[in-house]
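Below is one structure; the comments refer to it alone.
As written, the chains take the letters A, B and C, and residue 1 is the first residue of each chain.
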Amino acid sequence: MNPIRLIAADEWRLMRRNRVAMLGLVMLLALSVIAALTSIAQRDNSDAIRARFQAQADQAFDGAPARHPHRMVHYGHFVFRPLPALAAFDPGVDAFTGNTIYLEGHRQNSANFGDVRQSSLLVRFGQLTPAFVLQALAPLILIFIGFGIVARERERGTIRQLFAHGVAPRALLFGKALGLGGIAALMLAPGVLALGWLIAFEGAPLAPSLTLLAGYAAYLGIWVLLIVIASSLAAHARTALMALIGIWAFTVILLPRIAPDVALATNPTLTRLETDIAIKEDLRKMGDSHNPDDPYFNAFKQRTLKQYGVEKVEDLPVNYRGLLAVEGEKLTSKLFDDYADRQFAAQKAQSRFTDTVGLLSPAIALRRLSMSAAGTDLEGHRRFLSQAEGYRFAIVQQLNQLQATAITYDDDSNRNKDPEAGRRVRIDPKNWQKVPDFRYQAAATGEKLQAALPGMLTLLGWLVVLGFGMRLAIRRLADAA
Amino acid sequence: MQIIVVDALIVERGGRRVLDNLSLTVKAGEIYALLGGNGAGKSTTLSALLGFLKPVSGSLSVAGVDPASNAEAARHKIAYLPENVALYEHLTARENVEYFLALAGEAHGPEEIEAAFDAAGLQAEARDRPLGGYSKGMRQKVAIALAVVRQVPVLLLDEPTSGLDPRATADFNALIGALKERGTAILMVTHDLLGAADCADRIGFLDNGRIVEEVACDQGYDVMALHRRYGEAVAA
Amino acid sequence: MTGLWRHELRLFLRQRLALPALALMALLSIASVWAGMAEIERQRDTIARIQPQQAADVAAIAKWVSVEGDAGNAAYYTFHATWDEPSALAFAAIGQRDVAPYILRIRALGLEAQLYESENYNAELALPGRFDWAFVLTYLAPLFVIVLLHDLKSGEREAGRIGLLAAMARNQQALWRRRIGLRIGGLLAALLIPFLIGAALSGASPGLALIFIVVAAAYILFWAMLCLWVGSRGWSSVTNAATLAASWLVLTLILPALGNLAINSVVPVRQGVELTLEQREKVHGGWDKPKQETMQAFFKAYPEWKDTKPVEGGFHWKWYYAFQHLGDLAAAPQAKAYREGLEARDRWTGRFGFALPAVGLQTILHRTARTDLNAGLIYQDRIRSYHKQLRRFYYPYVFNEVPFREADFVKAPQWEHR
């Protein structure tokens, strides 16, 4: 056997006899298994509930009785964001974003009923998911197992003995790294099994799953190298332990919390209320449909009359009120899109800032990679919001068109005075069934991988830097011996 | 005058009899060396004198105080030098002495401390350096200075010369010789027979918790014979 | 004895880890107080900023509504701003204020469709949690306690000084008490002084600030006791440090996460979605039901409008507001169940707090700072009663068919600034 493998095997034997190390490892593995099982069950359950609610909402819409189409515009629709299969591995921001939106005419409602508002403050301690276990807990357990991996040998003087027996410092460090890496691989095992299950039985996409796996492997690899380097550079095992816990607390706990504060302060976004008021204000500036002399809507009227070659709206072959509704919705929807784009741009800038901080913290970089590959990042929620808005616009305009074509202007104008007209404006409910159902389009694999790339590059960068760190540690070890 | 009196002392630790009917005395101005191998009961004797453990039976007296019933008062009479004099590395010699004096609740002026350093032979320029860079001999000098300034009647030494080079050992012997002249009762435990023979007034051989033989210097003895008899057990 | 304290202080501060640890603790405490105050300042600014915008929005609506003077239009188009003022101590424990809306506009239509609106916030930034003083205290301060106390005795033992210390000290207990006192005292000072300055600047009541201080001290003391207990086992410094850090991991991360998992499965809440679906069906079903049926049902709740002019024709605002309200009434059982579910979750968290110091600490801090789930529910209660006031304000205009003029807009009940 070559010396590296020999040293790794020796390390494993030692760990097997180390009660504390075994306890930590068993605890972590148990937590991983619990996290994987509950997380998969929870994902399936949430997704099933959302699918059931979606079916219920679709059924309610399709089964609505004969109504004036504008009533259906206000009856509106509910859409639910499905949970991707990989959310069982990393639910990302799912709990922090609403998963259902009520869609109605000329209003943009928020996505509601996110878990975070429905939970006590316990949820802010972190959710027990495979991602959380591997991102936050595994490195700490690795630290407990490995902080003395080299320092211990030096403190006991066994390191000189090893060198005297012809073991090269290089072989020693790589052997130790291999030994600790084996433990890290064991820690990853429940996650691998969970991913395998998700791919085999829950339709998780292959390439993003493998990206997740590669990302977590690289992350744990970074910690293995950090621990081996710190343990060989530190004068005492205790110094190594303190330094490593410090690094862990700083990069896994502290930085991820400080970065958002700075990002929020440097890139403030408008509140919903302000956006709401601003959109109303912009609408009033563009044209006031309540004002009979409004220049914008007068111009629209003239344009419409000219297009159909008639003098009065009453002579139009279509219901002018319907056309007005289509035009009005176009205006509001354009503004909704504009403001949403601005909001998303600001949020993207915020997230980009934290990504930059991620250069200092492998945990932040891994989280970016993990959420992106799992499709549970903010981008996934943004896709849902913008698809929901697109869907809202499509169904509202379909209903407005129905108002323009299926109802006469005369009936529409007299629907509240003349009961007969009031009955005629209630059109055939079959029309509701023609409105398509909402189908959320998840990001394509290529997009997910692209979004995961910066995180992956950061992790690889760390590995390269730590490679140099290993060289330094080897040189120092050779000098000291 | 008998300063240290140990009489028929029995001490048990974990059900094992560590000191079995031990008796010895040390007079003022006398150096008594207690020789023995590992596990003979040397450290236990010191611990009992310092009041760290309660004897099963027998009596103890340190300058008239029973450490078993009044440990604090007994410690007040004792200066103790552990095998490795461990003081605070990041404090200077002077600061260490000041700190431990404060711990013992004793107030002494800077002149007294200066005089004690002189008596202990610690170079003037070293007194304000952190202890981190000190050799074992220098650390011992700091501890001796502490004993000198406290003017305690009893000095307990645990393996004082192990790890000292011959020159430092000679210095140390001169130093405790001077303390002896001041009337201090000195009890040292060691396994270095030749070292003990160089400075001690009396030597007691401890084995299995009891004194098996006691020799006095003024009565003359054959060091080589003792060495043949006890050398092996003592070195173990 | 002051001399001894001075000696101990010198000894402590010269230690390699001591001063940096205390300085870092103070720095983190200052930074968290500063960040928390900045965030709360931002929230206060937002509340102040929306007032003129809101006034301008109402004025613009008043301009065209008052031409016809239709009270139904006034009630339909006018949104009324509500806000949840941060308490003076919110800066130290921001809690749920970053994910629950603290400003919300409502109008006199069905409330259940408006009450659960959420705020536009960047979920990726909210995910890790805020960097506030409560975080520094809950998560980071125990690590500092561990750094300062894990080798209290074992360090002396490993340095070979323990015997000498024991032999020299007149009172050993007092020696260790002094050392612990200095470390914990220094740490508490580093932690609490920035908080106290922040509390004073924010105008917090001394009584509430005292609650913070007492629970913070108790929490630190818990960790100190744990350190001493582990230290008394006679293990090496390394073993002590590893054991204590592992305890920290279990007590502040693993057990709370397991607790959350347990609570969510014991108390599922999905009534939120159910109640909005139900409310919508009821409200929009109202359009298709005979008008008299709707009105009779409404008069049961509001008999004072029974004798006003009956509803005729295809549409009347009376009828419209009646079925809006009936929608809320229909969803009331689900709304109650939803709320009870949330309260049950909160209660369970409180129970966990008795067993888990970190959870108990967070519960008390956020309850005191009024930034917890419960504070959000209280805000919802206030919105409910404000919504009732609003309806009571509009109903006389709508039911008595009194014209609504520009001057009437300012008569609308205003949200009470707490």
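Methods note: contacts are C-beta pairs under 8 Å (C-beta built on N, C-alpha and C of every residue); 3 or more make two chains touch, one makes a residue touch a chain.
Note that the coordinates shown come from a computational prediction; the quantities given were computed from them, not determined experimentally.
Under the contact definition stated at the top, no chain borders both chain B and chain C.
Distances between chain centres, each the mean of the C-alpha atoms, put B farthest from chain C. Taking each chain's centre as the average of its CA atoms, chain B and chain C sit 64 Å apart. Annotation: 24 Å between the Cα-based centres of chain A and chain C. The geometric centre of chain A is 70 Å away from that of chain B, both derived from CA atoms.
For chain C in complex with chain B, the touching residues are 1, 3-4, 7, 10-11, 14-16, 159-161, 163-171, 175.
Residues 20, 24, 31, 34, 38, 42, 49, 53, 56-57, 60, 64-65, 67, 71, 74-76, 78, 92-93, 96-98, 100, 102, 109-128, 132, 136-137, 140, 144, 147-148, 237-238, 241-242, 245, 249, 253-254, 256-258, 260-261, 263-265, 268-278, 280-281, 284, 288, 290-291, 343, 347, 350-351, 354, 367, 371, 377-378, 381, 415-417, 419, 422 of chain A are the ones touching chain C in the complex. Chain B makes touch with chain C in their complex at residues 50, 52, 72, 75-76, 78, 80, 82-91, 95, 98-100, 102-105, 143.
Interface residues of chain C facing chain A in the complex, by the touch rule stated above, are 17, 28, 31, 35, 38-39, 42, 46, 49-50, 53-54, 56-57, 60, 64, 79, 81, 95-96, 99-101, 103-105, 113, 116-131, 135, 139-140, 143, 147, 151, 237-239, 241-243, 245-246, 249, 252-254, 256-261, 263-265, 269-270, 272-273, 276-277, 280-281, 284, 287-288, 313-315, 341-342, 345-346, 348-349, 352, 358-359, 362-363, 366, 372-373, 376.
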